[in-house]
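So, here come the structures, one by one.
Consider the two complexes below, in which chain A is the common component and chain B and chain C are the respective partners.
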Partner chain A sequence: MIKKLVTGLMGVFIALLLGAVLMLLQGYNPLETYAALFQFSLLRPTPLATTLKNSVPLVLTGLSASIAFASGAINLGQPGQLLMGALAATLGGIYLDLPAPILIPVLLLLGMLGGALWAGLAALLRLAFNMNEFIVTLMLNMIADLFTAWAIAFPFMEKGANSPRTPPVNPAGWIPEIGGINLSVVIMLVAVAVSWFLFNKWKAGYEWRIGGQNSLFARLGGCNTNKNFTAVMLTTGALAGLAGCLIILAGPHRFLRGLGANYAWDGIMVAIVANNGIIATLLYGIFFAAIQTGALGMELVTNVPSEISLVLQAVLVLVIVASRGLLETIVDRWSLRKRVRGPAT
Partner chain B sequence: MTDLITMRNMVKIFPPNVTALDHVSVAFRKGEIHSIVGENGAGKSTLMKVLYGLVPPNEGAITYEGQPVRFHNPGEAIARGIGMVHQEILLIPEYTVWENIVLGMEPVLSLGRVDREKSRRLVKEKVDEFQFNLDPDALVSDISVAARQKVEILKLLYRNVSVLILDEPTAVLTPQEIPQLFAELHRLGDNGHTILFVSHRLDEVLDLSDRITIMRRGKKVDTVAVGTTSKEDLARMMIGREVIFTSRRIPKQTGEKVFQIEALNFKSPEGRDLLKNINLEVRTGEIVGIAGVEGNGQFELVNTIMGLSEPSSGKISVQGEEITHASILERRRLLAFVPQDRGRMGAAINASIMENASMTHHLLDPAFTRWKGLLMNFRFAGQFTEELQKLFSVNMSSKDAPFKSLSGGNQQKVILGRELLLPNPFVLLDQPTRGLDVGSIEYVHEQILRMRSEDRAVMLISADLEEIFLLADRILVLNRGTLAGERRVEETTVEEIGLLMLQGREEPA
Partner chain C sequence: MNILVGLINGMIAGATPIMLGALGGSFTFYAGVFNIAMEGMMLTGAFCAVWGSYTFHNWFIGILCGIAGSLIMALIFILFAIVLKTDEFITGIALNLFAAGATVYMLRQTFQVKGAFSNPGIIPVPQIHIPLVEKIPILGEILSGQNLIVYIAALSVWFCYWLVFRTRFGLRLRAAGYNAACLESSGVSVSRIRVISLLLCGVLCGLAGAYISLGYVNLFVEGMSAGKGWISLAAIILVNGNPLGIALISLIFGFFDGLGLFLQGTGIAPQFTAMVPYLATLAALFVYSTRKKKRQSVSWT
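Let's look at the complex of A and B:
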């Protein structure tokens, strides 16, 4: 645990250093840039609240990918599951008339259901026809993209609107802010905690983890690997659907064209950087959200373009993923040297 | 005689915490043939790699010709006259013997042209000097493995190496080729070369060496002169206890029928008969050995018993309960299974030891779960793992360490322990000692005999006839998917079973 933290921090530090070199080459002052970047994302209360809110879809789709990958299910359908979850929650929010304490949980469930069913379709195709979920989830992304675009342009389009979008959801379904912090952040943290518990403490999670590493061993051990695969797909689909639902209910309160298209891919990227760790996904998700959020503010006070955040993200991904093994070896050697020099030997 | 090389208090720890060398001190004399013996993982190769500059030590000092040295890479070692021949041979097959030998140190003419005549002559001189039976003009791709090994040795001699390290050179040789290599090594020794010979074959070590250093678990046990020791002494020092070379099987009354296969057939998708009309039974307190050359249906037999593939026809039952079409979990209530491939079927090597030990138990034993099977009870699983560690003397740092941090023998102990602690009446063992060292094999054999004395029904699939004769009460021979014969172990010979394995069903008289 400490080892992971140390290597992670070292990776981030090296990446930021490389980013600084790139900024110097472009003639920008890296210290000023980083100061602005983090002031507009983490170091002040209002930007921090924005960062946290922006991290919600990133962390949840990242969590979806992390759990799927660690369990041996190649679910790359987070973009589609997010859209279907968002659409389901939006429609529920438009047509249901319930008081807020009931409506919000109902919409959250609808969002999760939308994502879960979309992922479940891929699971069904694999179990019935042995179709690889890797391809199927990717193709279902495109279907979801076009289907939701059609749904908000024709049957559910707001009357009189200039561009494809649905009417707003019932304000009772809007997720409130408490003390400046959007409640969707709390929902995200609960989802992370539940996922961690499920994955690490439940019998199902144990079987998922073992099956993810060696599914033949799990199968010979008596685990029902087909059932586990389906459960993983449904769970990770639900997490991606929840992400879509929270984007709608915490943000624009309606389904707009091109909504959240990149969040899910960024989430998959976060899962890869986090090496499929659940806590690591949460931390990296917030960190990436901070860079994306801070970049906009940074552009206002420095003359550095906000695109530098894309460069930084790319450097972070490359450095952290490429150096993970190396850094762990280095940390191992440090602790070893301490032990060898200790009085015991 | 003076010591040519001394290594003092060598320590090597591979991260995270595998101690390969634990304060090893050893001295090698000029002109001697010095063997280093030990089980797999005893640290003998590591010791040599440290000397050769391939592996940096964490601690310790090396002196060579009276001076302290520390080689940072093999190039430095060779420059000072120490060379190593590895198990795997790295030569260019398309080049001739002499071209391979001079490669990297070619005599050159002007403009950097290789002096082919001089190169050939120099190599020829070395071949003649040491009476190596080798043609310098042969292509390496045309010569045998033994000859390639000689090329590797000559490569070092050409570089004027006076200390030769050989890492298990006989592992790749046929029995006929070994005496020739030994004769050549003796000549090198008489010539003033010092030879360090790594091996775990006791017979050849006694045959070849002047002195022997025995290592066990990263520590040096002793260095002995050949005249003062015996094979039994060496084995005891290597393993740390007496090795049983003979069977301790006690005659035993067999009980009721536990496992039965009736008229089992299994066809490949193309319709080929992979298993044909298999009929067999295993009773309590009995070990039935399935002998056969690998690839004669063992794989399909295991898969149909375990439920990985559906048989075309036939019936499999345990204690009268038919399991031919049962789910794997239903089978696992009745049968314990030790697979031949630990990393593929027997474990998730990146998961912890505890997680590997809990597999199957977590489904069958309610103590492993809480809240009506919803939550894992990792505290109980931890206690279980520690108990398994004690019962099966597993050498492990912590139950939470990754399974892959264990040595092969200890991995197999965990798997055996997990399966034997299931209260199942039938045990299926598929090559349970494959890839293990002597000490671990003996341990596994003891456990198999214990299963028999516990009145379990045991089926042992093995390609190793010695193992089958050591353990089995009854031997069935599998040949091309059919049972070619059945013998009681007292009433047959290795030769007879060997013949059945190769030729199949005996001709009707």
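Let's look at the complex of A and C:
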């Protein structure tokens, strides 16, 4: 655990250093830029609350990808599942008239259902026709993107709006803020905790993990790998759908055009950097949300364009992943040396 | 008859980038590299091609810049996946992220625009009119007057087929994917073969990118590769990398791409017509998977 933390922090540090070199090459002051970046994301209370709220979709889609990858299901469909979940929750929120304590859970369930069904379609195609879920989920992303674009432009478009968007959802379905912190953050933390227990403590999670490491062994050991695959796809789809639902209910309260473009590959990015660990997904999700959130503030005080955060993210992913193996060897050797010397001195 | 010619020309236009990307990817497929970075290479190529064409007012330099940009992505892939031995799947995803981020950043940084950049200063790649063929009634409209890169793509099919199946390099390339240990023990560096395959992939994806941005639209839009790299990947998997199969399947995808554009005039919502190529990919995968069940397949996941 400590080893992971140390290597993770070293990886982040090296990546930030490389980012600083890139900024120097472009003629910007890296210290000033980083100071502004983190001031507008983590170091002040109001930006911190925004960062946490923005981290919700990253962490949830990251969880979705982490659990899928660790279980051996190549679910790359988080963007599509997120959109379908968001659309389902939006439609529920427009047409259902219920008091808030009932409406919010119903909408959360609708969002999860929307995502799970979209992922379930990929699972069905895999099980019935042996179609590779890797390509299927990618194509379903494009289709979901176009389908939701159609849904908000034709049947569910707000009357008189200039650009395609749905009318706002019933205000009873809006997720409230308490003490400046949006409650969607709490829901996210609950989802992380449940996922952690499910994946690390429950029998189902054990079977999933074994299936991810060696599916032949899992099958010989008596696991129903097809059933597990379906369960993994539905669960991870539901997590991505929940992310979409929370974006709508905590943020714009309606489905706007281009909603999905911002979250396209973020979940997969976080899962890769976190090496499919659940706690690591939470931490890296918040960290990447901080970079995205801080970038806008950074643009205001320095003259560095906010788009540099996109480049910085990609550098972080490549460097953290590439350095992981190397750093772990170094830390291992270092702790071994310490242990060997320990009793002698 | 005009409709038919329009459909065929639409098919060729839609097929060209997929064909070039898939031919590039077929080299890495044979070499045993799990390369999913075609999407990022194409996008970078598309941006660099526009940059080169606009800066130097010359389409040829534009194409060269597109290839160079795509090659830089291939070099990063080589650095991480071959030299540092990072997981190929993760490297590919990270590279695609990098391409998406870097092109948006560079768009803002060099042209001071967000979203899209179009300017009369961008010189498009010309269409080639073949003197005598042009005069043939219907065939002339199809065989002549296509974009230069279309002809390059058609030649690349034969070139790739020749390179993979008729040369010593091609034999080694296939051996690298089929049995790397065997190739290594007979004194050929597998890493070197894989590096070359990635560089070839970079060149072809750069051409695909140049076609996307300078071929028929003459501008750059954020994320304009729009999944073409992924469709290329699907094409490679469907035909197990065979260049002739790639040409055929790309034309089929191109046909549905063109059909989508054609259907736009018929009152069907544009979002549904835009879905056609992706649905066609799913349908092709369905046909392939149900037919393949008996055969032993190359595991790609």
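To be clear about the criterion, the second predicted complex is superposed on the first by the 341 of 345 C-alpha atoms of A that agree within 3 Å, B and C clash if a C-alpha of one lies under 4 Å from a C-alpha of the other, contacts with A are read in each partner's own complex, and residues count from 1 in each chain.
Quick note on the criterion: a residue touches a chain if its C-beta (ideal position, glycine included) is under 8 Å from a C-beta of that chain, and two chains touch if they have at least 3 such contacts.
Bear in mind that the values here come from a model prediction, so they are computed numbers and not experimental data.
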**chain A as common anchor, with chain B and chain C clashing or fitting** = fit
**Prompt:** First (chain B), second (chain C), both or neither: which does A:V315 touch?
**Reply:** second
**Asked** So, A:R209: does it touch chain B (first), chain C (second), both, or neither?
**Response** first
**Most chain A residues touched (candidates chain B, chain C)** = C
**Asked** For A:R219, is the partner it touches chain B (first), chain C (second), both, or none of the two (neither)?
**Response** first
**Message:** Looking at A:A149, would you say it contacts chain B, chain C, both, or neither? Reply first, second, both or neither.
**Reply:** second
**Prompt:** So, A:K201: does it touch chain B (first), chain C (second), both, or neither?
**Reply:** first
**Asked** Nearest CA pair across chain B and chain C in the overlay: distance in Å?
**Response** 6
**Message:** Show me the chain A residues, by the header's touch rule, that chain B contacts in one structure and chain C contacts in the other.
**Reply:** none
**Asked** In their shared complex, at which residues does chain A touch chain C?
**Response** 26, 74, 125, 129-136, 138-139, 142-143, 146-147, 149-150, 153-154, 261, 264-265, 268-269, 272, 305, 307-308, 310-311, 313-315, 317-318, 321-322, 325-326
**Message:** For the complex, give me every residue of chain A touching chain B.
**Reply:** 201-206, 209-210, 213-214, 216-224, 329, 332-333, 335-337, 339-340, 345
**Residues of chain C that touch chain A when the two form their complex** = 76, 80, 84-87, 90-91, 93-98, 100-102, 104-105, 108-109, 223, 226-227, 230, 233-234, 237, 269, 271-272, 274-275, 278-279, 281-282, 285-286, 289-290, 292-293, 300-301
**Complete:** In the complex, chain B touches chain A at residues 11, 13, 15-17, 23, 58-59, 306, 308, 327-329, 332, 337, 339, 343-351, 355, 358-360, 362-364, 369, 373-376, 378
